Structure formats: C-alpha cells, structure tokens
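One structure coming up, written as structure tokens, with questions to follow.
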Amino acid sequence: MAAEVELLAVQELVHVGIAARAEEVVAAGAVLAGFIGLPAVLGGSQFGHWLEPVIHGHAEEHGSAAMEWGLMALSVGFASFGALIAYLMYRRESLSPAFFADLAGGFFYRLFDRKWYFDEVYQFLFVNGTLLLAKVLSLFDQYVVDGIVNGAAGVTRFISWLNGVFDAYIIDGIVNAVADVTFWIGNKFRRVQTGNINSYLYGILIAIALAIIIKIRYWS
Amino acid sequence: MTFIPLAGAAIVLVLPNNAKLIRWVSAAATVPPLIMSIWLFANFDRNQAGFQFIEKYQWIPSFNISYYMGVDGLSVSMVLLTALLCFLCIFASFGIEKAVKGYFALFLMLDAGMMGVFCALDFFLFFVFWEVMLLPMYFLIGIWGGPRREYAAIKFFLYTLFGSAFMLIAILALYFSTEPHTFDMTVMMAQANKFGTEVLPIWPFKQLGWGFQHAIWMALFIGFAIKIPAFPFHTWLPDAHVEAPTAISVILAGVLLKMGTYGILRINFPMLPAATADLAFWCLGALGAWNIIYGALCAMAQKDLKKLVAYSSVSHMGYVMLGMASFTTQGINGAVLQMFNHGTITGMLFLLVGVIYDRAHHRDIEGFGGIAAIMPVYTGVTALAFFASMGLPGLSGFISEILVLLGTWQKYPILTILGASGVILTAGYLLWTIQRVYLGPPNEKYLKFPEISGREMFTLVPLGVIVIIVGIYPSVVLDMLRASLDQINQIVIPHL
Amino acid sequence: MDLKNVGSLSFFYPELILSGSVLLIIILDLMVRSKRNLALIALTGSAAALIATLDLYSAQPGWLFHRMIVLDNFSLFFKVVALAAAILCILMSLGSNEIKHVYQGEYYALLLTCALGMFFMASSSNLLMAYLSLELVSLTSYVLTGFLPHNRRSSEAALKYLIYGGVASGTMIYGMSWIFGMTGSLDYSAIQAALGQAGVNKTALFIAFIFIMAGFGYKIVFVPFHMWSPDVYQGAPTPFTAFLSVASNAAGLAIMIRFFFPGVSRMAAGGDWAYTSGVEWPQVLLFLSMITMTIGNLCALNQRNLKRMLAYSGIAHAGYMLMGLAVLTNEGLSAILFYVVVYLIMNVGAFLVVGMIANITGSEDIENYRGLAWRGAVVPAACLAVFLLSLTGLPPFAGFIGKFFLFAAVLEKGGTFIILALVAVMNSVVSLYYYAKVIKTMFLDSPNPEDKTVAAAGDFNITLLLPLTVLTVVFGIYFSPLLRYTTQSLKFFIK
C-alpha cells in the first residue's frame, strides 16, 4: 500500500518533470524560431532572403526604421513587463494574484481566463447559427418543397378518385341505365297483355281502325 | 392450328371425370398450336408484306364465302401470343376444382375461336370466329368467377354483342359494295377505292360530312372500340376482369383486347383508307391519349388489385391507339409491338395477382403489406412485371412506348405530350402499389404464406423471359411486323 | 296443268294418306287397348305422307281440283315442313307425361287433321280454299289447345283462342268478300289479272288487305294480332305448343306469301315483285315488322314462365321473318324459307327440353330451372342452351345463318330498309338478355337445397333431342344443301 502511493507520487514527479522539460524545450525552440524572422534593422529575415528566389521579390514590406525600432521596443517592453509581474507574483510572492483576480469583481480575470470569451462567441455565432440555418432549411425542404410534391400527388389522387367515381357511376351508370330503361319499357308493354279476351279483341279493332284512318288521311 | 384445340375440346368432353387426366390432355391439346405458331414464326418470310401460308376452300359458293385463312406479319405476332398464353393458362388453370371437364372444354373452344379470328381472311369466317369467342367467355366468367360473376358475364356478353351487331351490318354493307359480291377480305382490300366517299345526304351524315365509307368505318369502329376497350365503351372491362378466374383474366387481357386493334388494322385501315385518314385523329389519336390518362387516373383510385391492373390495361391500349393514329412507321410498329408486349406483360400481372389471391383470398391493396419479406422470389418477379408495365428501359414496354411516342411526335405533338404524361402517372400508381403491397413491415396475417410454387413460376418464366428479350433485342418481333405494317400504312397515307 | 277432280287424285296422295291415317286412328281407338299404338300409326301415316310428298317433286306443277289448290315446289316445301313438325310433335307426345292422361286417339287424329289443313293452306290458290284451310287448322288448334283435362289454364287458353280466332277469321272473310266484290273472282290468278286493270279503288283495296291481314296476322302472330299467343302457348300441352309455334307459323307465312306475291303482285322483270301500285305494301310491312320484333322482345324480358317467354320470342321471330317479306325480293323470300326450317329445328328443340323438364319437375317456371346443370340434367341444359343461343342468332349455330340471310336481303334492298336492319340487330341484342337469363339460371346459379335432382339421362326424349341439337350446329356451319333446297322451293306456279 505504501509502496503504491510512493509509486504514484514518483510518477507524478516524473510527469511534472517531463512536462517541465517539455516546456523548456518548447521555450528554447520558440527563441530559436524568432531568429528566423528578424526585423530588417537587425539584419533582415534570413528566412525571407532564403525564399526570395521563389517569391521574386521581397517577401515583406518594409516600414521606416524608426517604426521598426519602436515596434521592437514596444513588444520587448510588454514581454519584460509581463515577466516582471509574473516574477513578482509567483516567485517573490510580493504581489498577490488573488488581488488582481478580484479586481473589478473578478471581471478582468474571468475575461482573460476565458480568453476574451472567444470560444463562447464562436460557439454562439457560428456553430449554433449554422445549426439553426440547417434546421430551418431542412424544415423548409420537408414541409414546403416536399409539401408541394405531396400536394401534387394528393391532387392527382383526388382527381383519380373523381375519375374512378365518374367511371363507376356515370359512365357505367349510363350503361346500366340503358339496360334498366329497356327493362322498364318491356314491363310497360307486358302489362298491355291483360289476359282479358275483350281487350284483345279491342286491340284488333283499334289496330284496323288506325290503319284505315292513317291510310285515308295521309296516304291517299 | 385452329382446329386442334377444338378437337381437344371434343376429346375432353368425352373423357371420364378424372381431373388430372383432363388437365394434362388439355395441356397436350395446346402444345401443337404452340409448336406450329413457333414454326410459323421461324419460317415466315420477313421481307414479304402480303399474306403467307394461305389455305382457301370454297364454303358457300352462292354467297362467295370461302374458308380462307392466312397470316401476315401482324397476324403471326398475335398468333404466337395467343398460342403461348393459352398454353401457359392451361397450367394456371390447374387450380380449378369445379366442373373441370366443362372448364377445359370451353377453354379449348375459346382457344380455337381466337386463333381463327387472327387467321381468317374471309369476313364471314372472321365474324363467325369473333362471335364464337363470346360464348365460352360468358360461361367461363359466369360459372368459375367471383362473387359478382353473373353481372360481369352478362354485361360482357351483351356489350360485345351490341358491338358485333354493328359489325354485322358493316360486313353486309361491304359485301354488297364489292363487285362481284364477296366476303373475301383480300378482294375488299383491293377494291378499297371503290367504296364511296361522297357525302350521304341523310342526317346525321350530311352534317358531319361523312360518306358511305365513313359510316361503315364508324360501325366497325364501334364494334372494335368496345373490345379495345376505348373510353367510353370500356366499363365492361373492370367488372369482367375482377370477376373472372385468373387464367381467364389473362386470356381476356392478353388476347381478347388485342382483337379490337387487330380488327382496326386488318379491316378499317386497308379497306376504308379515306375514312381512316379523316377520322383517325379524333377516333384513334385523341381517344387513345385520353384512354392513357383516364385509365391511369382510374387505376390510381382503385383499391382492388385486379381492378387496378384492369384499368392499367385500358391505359396501355391507349398507346396502341395513339400509335395507329400517327401513320408513321415508328408509330404503327410501336403500336403493334405494344399489343404484343401488353399481352405478355399484363398476362404476367394477372398471373401474379392470381398467385397472391390464391393465398390470401382477397385483393384489397390496403390489406396487404410487406409481402416482399414473406415471398421474396414472388416479389422479384412482380417487380419485373411492374417495371415492364411502367416502361423501364431494358424491358419490352419501354421499346413499344418510345416507338409510339416517337411516331406520334412527328404528327401530333400535343397528343405525344399527353401520352408521355401518362407514363408518369403509370409509374405513380405502380410504384405506389408496390410500396403498399410489397414493401413495408410484413403483415402478421400473411407470415405463413408459401413461396411461389413451381407451377406458378412455370407460367411466369416464359413471359418474363420474353419481356426481357424483347426489351433488349426488339428486332425479334419488330422484323416480323415491319413489312406488313408498312404496307398497311402505305394504303392509308395517300388519303391523308 | 289444270285438272278436274278425278284427275287430280293421283297428285293427291299425301293428303289421302293423311286422311286415311286419321280415319284409321279414330276407328282403331275403339278397338285397341294400348294407346301407344295409335301414336305409332300416326307416325307411320305421317312418314308415308312424307315419302309421297317427296315423290311429288318429280311431278309437273299445275292446278288441281278446278284451280282450288296448286301443286308447285313452294307448296311441297311447306308440306314437308308441316309433316316434319307433325312427326316431331308425335314423338314428343310419346314421351310426354301430359299426353298420357288425355284421349289419345282423338289427340293424334286431330293433330294429323291439323297438318292436313296446313297442307291446304300452303297450296291454296283460291280465296275460299284459303279461308277453309285456315279454319280447319284453327278449329283443330282450338280443340287441341284445350285438350288437357281438368286443367283450367288449358281450357281458358282454348276459349281465348277460339274467340280471338273467330273474330280474326271473321274479319278476314269480310276483307275477302270486298276483294271478291272488287274483282269478281275468288281465284288468285283472276284476281291478279283484275287488279292489273285500272278502275279498282285503291283505298278500298288497301282496307280489304288490312282486313285480310288480320286473319293471316293472327296465324303468323304479328302485332297487333298477337295477343292470344302467350296465353295459348302457356296453356296448351307442350308438344302441341311446339307444333303450333312452328307449323302454324309456317303455314300462315305460306298462305300470306302465296296471296300477296303471286296473288296480288306481279313478277316484274328481273325476278323481283312489283306490288300493285297505290297500295303501300313495303311501308306497312316494314312498320309491322319493326313493331312486332320490338314488342315481342321487350315483353319477353320480364317473363317468368318459360313457355310464355318462348311465345313472346316466337312473336319476335315472326317479326324477323316479316323483314324478308317487306323487301319484296326473291332473296327475302328465300331467306324466309330458310329461316322457317331453321326455326322449326330450334323451336321444337327448345319446347322439347321444356317438356322434358316439366315431365320430371312438373313446372315450367324459369325459377324451376335453377342450377339445372348441377342437378344432373347437363345434357338437356346444354341442348337448351344451344337452342336458345341459336334463337338469339349467334354463330356458329343455325339461327345465325338464318338471321344473316334475312339481314342480307334487307341490306341489299338498301334505302330506308337500313333502319329496319338496325332495329332488327338491336332487337337481337336485347333478345340475348332473356335467352341468356335462362342459360344463366341453368348453369350459373347454384341449385337450392330443396330442388330435386333431375335424372334426365334415361329419358326417351333424349334420343330426339340430340339429333336436333346436332342439326342446329351443323346447319350453322354447313348449310349449302338447305340453301339450295329453299331457293329451289321458291318456284311458284302462276299463269
């Protein structure tokens, strides 16, 4: 048990040590990299010179020498100031970090801690915004555009239903109506046959009389 | 070829009541016509436009009626279709249990009648065979059909007879107009220019500007239009198809419907060319385009699977009419190819509907679902048939439809546009039906369905193979048609 | 040739044989026990008369009995038809249950006398002879109609027939008297000559013809003189109904054709007939034909009794046959003759089946035929289907050929007759409905559980049924011999 705790502690130290070494390496690398892009007043960027044949000309613009010196001074000054504050806060501990952190109710601390809220702004503006646009467009596609398509199908289905009804009831209805009318007429004629011999004889009489009348009136 | 099935019918009638024996004897009776028709197909001279393999005997000399049979390109394709479908339908009829002897006897009689119609070259003979088909059909639908079979059968019978009545008058009128009086179709075709085209002075012919030839054309057209079926004479079709047993539906759709358009091409075109030229736009072209759209829309509204296929038949025959009206080579060849294709494709469709009806005993589209998971092989074949019906390239339906549309575009662009929109509607209802019946989660009721049986596959495979072959290499059929159809076309074109 | 009484006897053998059979039957009726023998005697007598008639074909045509009757191919044709109908009727009666209970001697004697009367109807060339023969046929028909004992329907039918027939023949003889008055003679050829001269009042002629038509029309059963037939056909014994529907129809046509064609029209050049000018024959016949067809078919649609339905269909067929008359051409007449033969076969066959089924089930209602094909009577049902479809006029049956010839004759004439053809064709379609209704009831309907099975296979009538069915189909396909026979029969003897 104790051995494992010791082991863990050693691992911690090793990790920290490795991290520290890593940091040292990175820091050294950063310093070296700076040499590539020296300002013109200090001899010009070797990297730029090296690339000249490719770019056919100067890779960078040149401002005035004074500006260059001023910029150099400004950037070095800021860095030194930061180093000094860090030395005072964390090495010598004469300045309290907590005091600065609580300045203005901790606002600045939070601002810097959250890297100027860039991540949140990005998240809100671009990520969520795109997602929202995507959602809107997809809804549009689903309901409006596709709605028109389905509507066309529905209209066609309605017309076809109408057609089916028309066919079944009207066209076919006419066919059946012809049959029914024929049947109805047949029924009417059938009733003339009364079974009563008197009416049969009247039938003869009427027929002959009609024939004679037609002949006399129309065909002479 | 015509009379072997008839002899078969006679043999079946005297056989004892052993169902298996009857079925196989009937199947045997349809094999010789099939073999003969294939022989005809192989030996037919493709380049000659006239009639070949002619048989002519005197029948009733005093009326100049002869027993005159012969084939040309148009007939050969139809004969082949008839022989094949009859042979396959015998096997599809193996499920019939009631009065097997009567069924097969009537079926063989029907077979004989159909062959006769396509081969007859004497008008009287043609009419006799035409009417002979009606009787067995009436009994076949009326006895072995569905719940409303009596209504459907008598409707079919009366409606078709009504059309035939007009045909009879036209036949007699043509008979009396030829010099010397004869029923011989070839003579009538030769004398086509003699049939008067002067305007008849009586109402309503005077108003319409019709002559004797036009009146005859209309009389014949009414008879044929009922068979095609053209709107508005088509209402017998949904009832007859729904109520008929499966094999009879296949014959009805596959062969009988073709007789209407066959008649128009064989009779109206060559014998009455002036009238054809005048009347074709409205009676064939516009009516055909309307058939396509109307049939497709009605099909979409159907809830019964068989009725849907019936209306799709109405729609597909519209393409035939449209192609005939175009008087171009592509149009007419496409029209007859569509006749042949429709026979095979719709034959497949009805057989497939029969397969599922045999298992579920209903044809309600909404009641099915997810059949693909239960019967995958069946669904595959169905998909083939549906896609062919839609006109998918690579399958035969595409070739004929595209030829028809190509041909019609040259003459009547508007009709072509209407026809093409029919393709979209067809795809609409067919795909929708596939979705409702075959795709989706399987319906628990039907999980136990057996897969498609060997016998059923046997009836479907030849048709499917033909559909694919004609789709890839349509010359197989088109070569046969071209010479004869062009000749028929040439007769009409001078009058346009 | 123009023979007196004695000389004519040698050409009179068929009639003599028939008369002899009648007397023999009446006498033997008193002596023999088994009444079937009487039927056999009647059969032999008719067969012998048939042979004698066929023998007469070789004889020279001419007048007999002082120009009372004429001997020519036309009359021989109708004699053959009448005898064929009589033979079939006797055979039917042998197998019928109805006839078993009647006085068979009188029955067969009257039947043969009726046939004899038809002989005279077909060969009469004198108005008086026409009237007498018509009366002979009518009187025997009245009695035979009412022959079923204790059957109210039969007696009622007979009485109606009697009264109606009496009035109709009375009208006819009145018209004949006018003709006699106008032309001065009863003999057809003399009438024709007299009408050819000017001076005859056309209106009076027309009216006289209308009166005569009443008599002929009642025999041939066309509208408006048809009203007796449904009741009579339904009430009479079935074998006799068959005989009546075919033979008296044919005889009526014979007498009408003979009167109106060689009698009062003239044969114009070219073989067609030219009617006496001023009398609008074609229009009257056209109208009568159309209305007869239509009313016959329409009334038949609603019938429930098969015999009554067949009566109305008979009226419709008379209408079709009148079409052939209306066109006044030889083709029309030959078509009528062809149709007469075909109609004989079809109608007798149909009534034969009706009789068979009535024998077994005792009813003639269509409802009774429900599911007949499934009740064991497939053969009669199929044969009835064949006969009914042939009556509709569907190929490949004989009825189609008959109608086809009639249509051909009408269309050949052309002109306004095309309307007649259209009406006729539409009527054929309508008639399909009621014929198909019977077929449907027999084949498509399933029998009710309480319907008895009909064991018709062993019935005597089947032996008669099958040849008739076969003939119906054969004549639909191969009819040249019959066609030749009928064309040949169109030779009238006129001077």
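Order of writing sets the labels: A, B and C. Residues in every chain begin at 1.
By our rule, a contact is a pair of C-beta atoms (placed from the backbone, for glycine too) under 8 Å apart; a residue touches a chain by one contact, two chains touch by 3 or more.
The structure presented is a predicted model; accordingly, all values stated were derived computationally and were not measured.
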{"item": "Fewest touching-chain hops separating chain A from chain C", "value": "1"}
{"item": "Chain whose Cα centroid lies at the greatest distance from that of chain A", "value": "C"}
{"item": "Selected interface, B-C versus A-B, where C-beta contact pairs are more numerous", "value": "B-C"}
{"item": "Where chain A and chain C are represented by their mean Cα positions, the distance between them in whole Å", "value": "92"}
{"item": "Geometric centre distance via CA averages, chain B-chain A, whole Å", "value": "53"}
{"item": "Distance from the mean Cα position of chain C to that of chain B, given in whole angstrom", "value": "43"}
{"item": "Residues of chain A engaged with two or more neighbouring chains", "value": "179"}
{"item": "Residue numbers of chain C (touch at least two other chains)", "value": "433"}
{"item": "Of all residues in chain B, the ones touching two or more other chains", "value": "158"}
{"item": "Chain B-touching residues of chain A, taken from the complex the two chains share", "value": "153, 156-157, 159-165, 167, 171-172, 174-175, 179"}
{"item": "For the chain B and chain C complex, residues of the former touching the latter", "value": "60-63, 127-128, 131-132, 134-135, 138-139, 142-143, 149-150, 153-154, 157-158, 161-162, 165-166, 168-169, 172-173, 175-176"}
{"item": "Chain C to chain B touching residues, read off their complex", "value": "389, 394-396, 400, 404, 407-408, 411-412, 414, 418, 421-422, 425-426, 428-429, 432-433, 436, 440, 443-445, 479-480, 483-484, 487"}
{"item": "Of all residues in chain C, those that touch chain A in their complex", "value": "159-160, 163-164, 167-168, 171, 202-203, 206-207, 210-211, 214, 224-225, 227-228, 230-231, 280, 284, 295, 297-303, 430, 433"}
{"item": "For the chain A and chain C complex, residues of the former touching the latter", "value": "179, 182-183, 185-187, 189-190, 193, 195, 197, 199-201, 203-204, 206-208, 211-212, 215-216, 219-220"}
